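Going by the order they are written in, the chains are A, B, C and D; count residues from 1 in each one.
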Amino acid sequence: MDFTLASFVNALILGLSIGSIFLVAALGLTIIYGTAGVINMAHGEFIMLGAYASYTLQNYLGVPFFLCIPLSFVVVALIGLVIERLLIRYLYDRPLDTLLATWGVSLVLMQGVRLIFGSDPKYIQMPSFLSTNIAAGPISVSIFRVFIFLVGIGLVAAVWWLFYKTEFGIKLRAVTQNKEMAASFGINSGQVYALTFALGAGLAGIAGSLFGVLNIVLPTMGMGYVVEAFLIVVTGGGALLGSILASGVTGEAQSIFAYIFNDTFAQFLVFVLIVIFLRFRPQGLIATGGARR
Amino acid sequence: MEKNLYHNRLLQWLVYVVFFAALAVIPLVMDDAFLLNQLATYGVYGMLALSISLCWGFGGILNLGQGIAFGLGAYGMAMTMQMQTQDPEYSPIPPFMLNNGLDALPAIWEPFWNTGFGIALALIVPTVFYLIFGGLMFQARVAGPFFAIMTLAILSALATLFVDLQPYTNGVNGISPPAALDIGGFVIDPYMSTSYWVVFALLVLSTVAAKLLTQSRFGLIVQALHNDSERVRFLGYNVAIYETLVYAASGLIAAIAGCCFAFLTQYVSPAQFDVGFSISMVIWAAIGGRNSLLWAIIGAFLVQGAQSYVGDEFLNSWILILGFSFILIVRFLPGGLGGLAETLLGMVSRKRETQESLTVGAGEPETRGA
Amino acid sequence: MAIDRRRFLKNSALAAGAIAAPHVWIPGVREAGAASLVEGEPIKVGILFSLTGSLAVPEEDSALVMQYAIDEMNEAGGINGQPIEPIIIDAKSDFKVYSEKARELILRDKVISIFGCYTSASRKAILPIVMQQESLLFYPTCYEGAECTQNTVCTGPLANQHSKDLIPYMVEQFGPRVFFVGSNYVWPKESNKNAKIWLEEAGGELLGEEYVPLGSSEFGPVLNKIRAAKPDFIFSTVVGASDIAFHRQFKQAGFSADSMPIASLTTGEIETKAMGAEYGAGHFLSAPYFQALKNPTNEKFVEGFLSSKYGKNGTTHYNMEETYTSAYVFKGALEKAIAEHGVGDVTSRRVRDAAAGVKVSADVSPEGEIWIDENNFNTWLVPKIGQCQPDGSFKIVKEAPEHVAPDPYSIYPDIGVCTAEGLKTPDGNIRKDVI
Amino acid sequence: MVGVLEIKDLHKSFDATKVINGFSLAVTEMTLQCLVGPNGAGKTTTIDLISGRQKPTSGEITFREENITGLSEHEIARRGIGRKFQVPAVFRELTVRQNLEVAYNRETSAVRNMFSFKPDGCAKRLEEIAADVGLTERLGIKAGTLSHGETQWLEIGMVLMQDPAMLLLDEPVAGMTEHEMDKTVEILNRLKKTNTIIVVEHDMGFVRRIADVVTVMHMGSLLAQGSIADIEKDERVREVYLGTEDDEESVH
């Protein structure tokens, strides 16, 4: 295809959109990893649960779409909290085992949802004004993608506020820095971890309610996001800012490579570039505690 | 000093002998083509679990991408078998290439005309790939969960690549060589006991080799770096090389498993690089017992056997059962069934010891794993 | 290039023989199929579809409709007075399970035939065992062709039949400029090769050809390319969950079916139901069967199936119907084989050979009369074009005037012609088991 | 006289903090040099820099006339520099015997070690050293179950197994009983006849019993150097050092 400025600009805009989708998918994972050092393999299934929560609310209770998003947060955060209390909290000092245990959780969640909802695909409806595009000459972007982008910014702002402007944030950062020291100041690190895990799960729930609109609601839908989300977290280094940068860069890379070559090769190229990048900067874009590595 | 029978080296070797003797008897008493083929497939899964146990349980390197070596090995073998059914004169190139726009055999396929070369490549390519990738990662001191995630990334990238290179690989549809593997006139028919024997022999060989490796000085140092890799550096050992080599050794075993799988099923596709399959290898090793080569193999036999024979009864709840048992094992029994055996034997041994009431002080393990 | 000694000897011997007679090239050892029938005993068939996992969505329906067909036949007295006993297996959407279970069905259960597989990958996974044991596979779905074995019968449309009418119809209705989008694998690419031929004949213009990874849900880059190319219509071979994401993102990107419809080979009743009918409305599908087909046989089939215990999903679609007719092809072929050889001497291979020319008449086949090609054992059928309505059902807008012949090698005359004995190459040789 | 180990104008900073600031040192062969100094003086960092755990910002470290600056840990260890950590680092999951076997590092090649099971001389040396450090009875048990003092002994034993030309010992007697310390003194005084040793230590009583040369560090540079008698007389040392003996360094 011929190169035109307009289509290249479209590719750049799309890159931002893909980046925001990556970010929304990876945000919860970043928080859980950055705080507790837990590699949550069930993150994709939390996204899936968010989508099913929205689907159920919308179809059986008639809840409007915009209300489904925060409610999905609540539902999945609660599920996350239960999983943390029953399982994850016993495994904080065994990072490889949390990875495996959460993989078991993901199997159970996926199959559980399949038993309840069946394996045929569902979808989430959205207000029709979101279901079109905005265009300026040859430049065009779908409104729903803009919506996801804005939600992404909103979530980042909310998380930033929570981390740096609230008491919970102070406790959370204290625990992340030094668990023992924080304990001596009377901070209950178990509680902080539990809430953080719930928060991360809830953010995945929001992602799910958005992705269920963008494409399709299936028990297996989480698998499609989880590897990318991990790469974002690893490339970013586990920090909030790192994940933002990493998703921006990989989103643009994905879009531009797809523009130049094709989607499949773009995917391959992005994976390979990330591995090469990490060879030279294993701590990621923004290094957090190097000790964890 | 040996207190727990589980750690008695002699006894360990004895258990190996018993297990493999039991496997060896099966084709002598059974004459069921399907059962032999199925057990041979389990043997392949056993090799994969063995390779995971070597890498993860023993070396501490969690590898969620063992499908890389397995898949590359399987492709190498399938390409070799495919070329055996081609004829330089009548059909010089595999049929799928014709409808993918190729009219001559691509250069990367040329070596596979020769069976020996082809099989050698099927083993060398994945091993070298592991050496390079592992070398890069371990030199950059990427370890633990990060390394695991990186193996996942490479696995996904390879799957994508093999799909995209459709003219050379037949993409998603994969390669189905229509005839059995033939090594210099020795036909490894997947529905005869020969294929069972070949897989069995390779399983024994790789188990013994892996066991010897763990008992060598190399193995001792790998155990030490699993414990505290920093400390090992100050003793003058290049940790990255040790890690790379144990990773590559496990890759070689997985590549052998891939080769076996290709001649057993006469089929290979990018689904070999499926993330779920690579993780199920880890599940086998975890359920059987990651710290023990033999128990990991038993884990593969048990889980896959259950999937084949119990799975259909439960259909939908099978994955649920698998997931729950995996969670419970990770949570309560990190050593898997092997760990359970270790604890039980330890209790038995200790009890006997108190009865003899001669020794003072708690007996503790000498060697890791059975 | 190294050739070992044994191969060299074989080659020279064959080369000598080739001068005198056409050379028959059979790779590997073959064993006679062990499966055979016994008078009065049930006829065992294997039903190998994924009932769980990612492929369960299309395949579970096929397994259900197959059971429905067998029940129907058994109620009518079975075949040759013998009941049919289905062995239903869950392939778990995993090629390793397909392969293992096919072995079990053939080697242990000794079924006379397997009905199963949806993806080409699963077909390729079980073909080696099917061929080597001279068993039989009924493959009831559309596929790319370019395959010539002696052990399969296919009742779905081949790439050369599927879009033959669709492309000229779309060019005529909407204009010549077209953009191809497909999932990145063999079937879409082969389908597009055929489509290009029809496109050229119809005077159309191909603006672009893009493939997305199987299962991908990100269509942004493709939609941008479509926007830049400004086609009159889109020809889609995107499959599965991706197809649904594609249609949804298509509308979200501001495109509309009225000005730029998608002409698809897969987006049927089930898919439009899953994506939300408003996303499917206005787009086109080419298939040999639609639930909305107006004929007494189809009305009976739809009503009978949906009211049976198998019809919970509330839909019949092309894939299910092709599975249903495959059961009747099997019946016809088996009856013919029994008449020819006697019950005791019926083998899977003989059933397959007897399938040549078997007709399923319009009062049995919901899509209208079909028959099996005597050479390549694919199906003569009538492709139809339907347009999706706002309620998710399809309205038939065009029907091919006559049956279209299946030809697995239509675009590869250089490779050969598929005959009952094997692939006949241009130099006159016959090659068996070409997959 | 040229020292076996020479440090020239060493600098090391973490972000903006200068931890080592123009430190130079020459260590003579077959002497035991004690590195003392108040908390945060940079003693452990110096050990880290010598052993390759950290890379200096600038400066040069020469060992046996070879520049070893910036080499990695294992390369430095292979040149005969053995190290003991402040917090004893042993392989807790391995037995005492295995710990000592790992430390027997005559052969470091991974490939050759794959085919080696019982290296020559290992068993004999192991018996000697186990006897030396009093762990003969404990060889079969897991290192993780040893007492603190025993763990210190084990790590000293591991350094001895290496048979290094130079030993870097970071607080070898921390947590030892009086009796254990006496034994350590005895071993070190024997060792310094054949080895070059650097000991980082707080306990001046201990230093007095072993040191040939004492080097006092302050704020990342050399404050004073000389015999223990000289140092104890030095006014500046008194000023910065006295009264801070029992603090622990925060960085190890």
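The rule is short, and it goes like this: a contact is a pair of C-beta atoms (placed from the backbone, for glycine too) under 8 Å apart; a residue touches a chain by one contact, two chains touch by 3 or more.
The shown structure was predicted, so the numbers you read here are calculated from the model rather than taken from an experiment.
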{"item": "Chain A to chain D, fewest steps along touching chains", "value": "2"}
{"item": "Chain pair showing more contacts of the two, B-C and B-D", "value": "B-C"}
{"item": "Whole-Å gap between the CA centroids of chain C and chain D", "value": "74"}
{"item": "Rounded Å distance, chain B centre to chain C centre (Cα mean)", "value": "36"}
{"item": "Between chain D and chain B, distance of the C-alpha-averaged centres to the nearest whole Å", "value": "43"}
{"item": "Chain A and chain C, separation of their C-alpha mean positions in angstrom", "value": "39"}
{"item": "Contacts with 2+ other chains: residues of chain A", "value": "114, 264, 267"}
{"item": "In chain B, residues with contacts to at least two other chains", "value": "160, 163-164, 316, 319"}
{"item": "Overlap residues in chain C, where contacts from two or more other chains coincide", "value": "52, 184, 213"}
{"item": "Interchain contacts, given as pairs of chains that touch", "value": "A-B, A-C, B-C, B-D"}
{"item": "Contacting residues of chain A [partner chain C, same complex]", "value": "1, 4, 6-7, 10-11, 14, 17-18, 21, 114, 119-123, 125, 130-133, 135, 138, 140, 142-145, 211, 213-216, 218, 220-221, 224, 254-255, 258-259, 262-264, 266-267"}
{"item": "Residue ranges of chain D in contact with chain B within the complex", "value": "51-53, 72-74, 77-78, 82-83, 85, 89-95, 98-99, 101-103, 105, 107-108, 110-111, 113-117, 119, 139-142, 145, 158, 162"}
{"item": "Interfacial residue positions of chain C with respect to chain A in the complex", "value": "52-54, 56-57, 60, 184, 208, 210-213, 215-218, 220-222, 224-225, 227-229, 241, 244-245, 248-249, 251-254, 270, 274-276, 313"}
{"item": "Contact set on chain B toward chain C in their complex", "value": "32-35, 37-38, 41, 84-85, 87-91, 95-96, 98-100, 110, 113-115, 117, 160, 163-164, 166, 170-180, 182, 184-185, 187, 189-191, 265-267, 269, 271, 277, 308, 311-312, 315-316, 319"}
{"item": "Residue numbers on chain B that touch chain A, as the complex places them", "value": "62, 133, 136-137, 140-146, 148-150, 152-154, 156-157, 160-161, 163-164, 275, 279, 282, 286, 316-317, 319-320, 322-324, 326-327, 330-331, 334"}
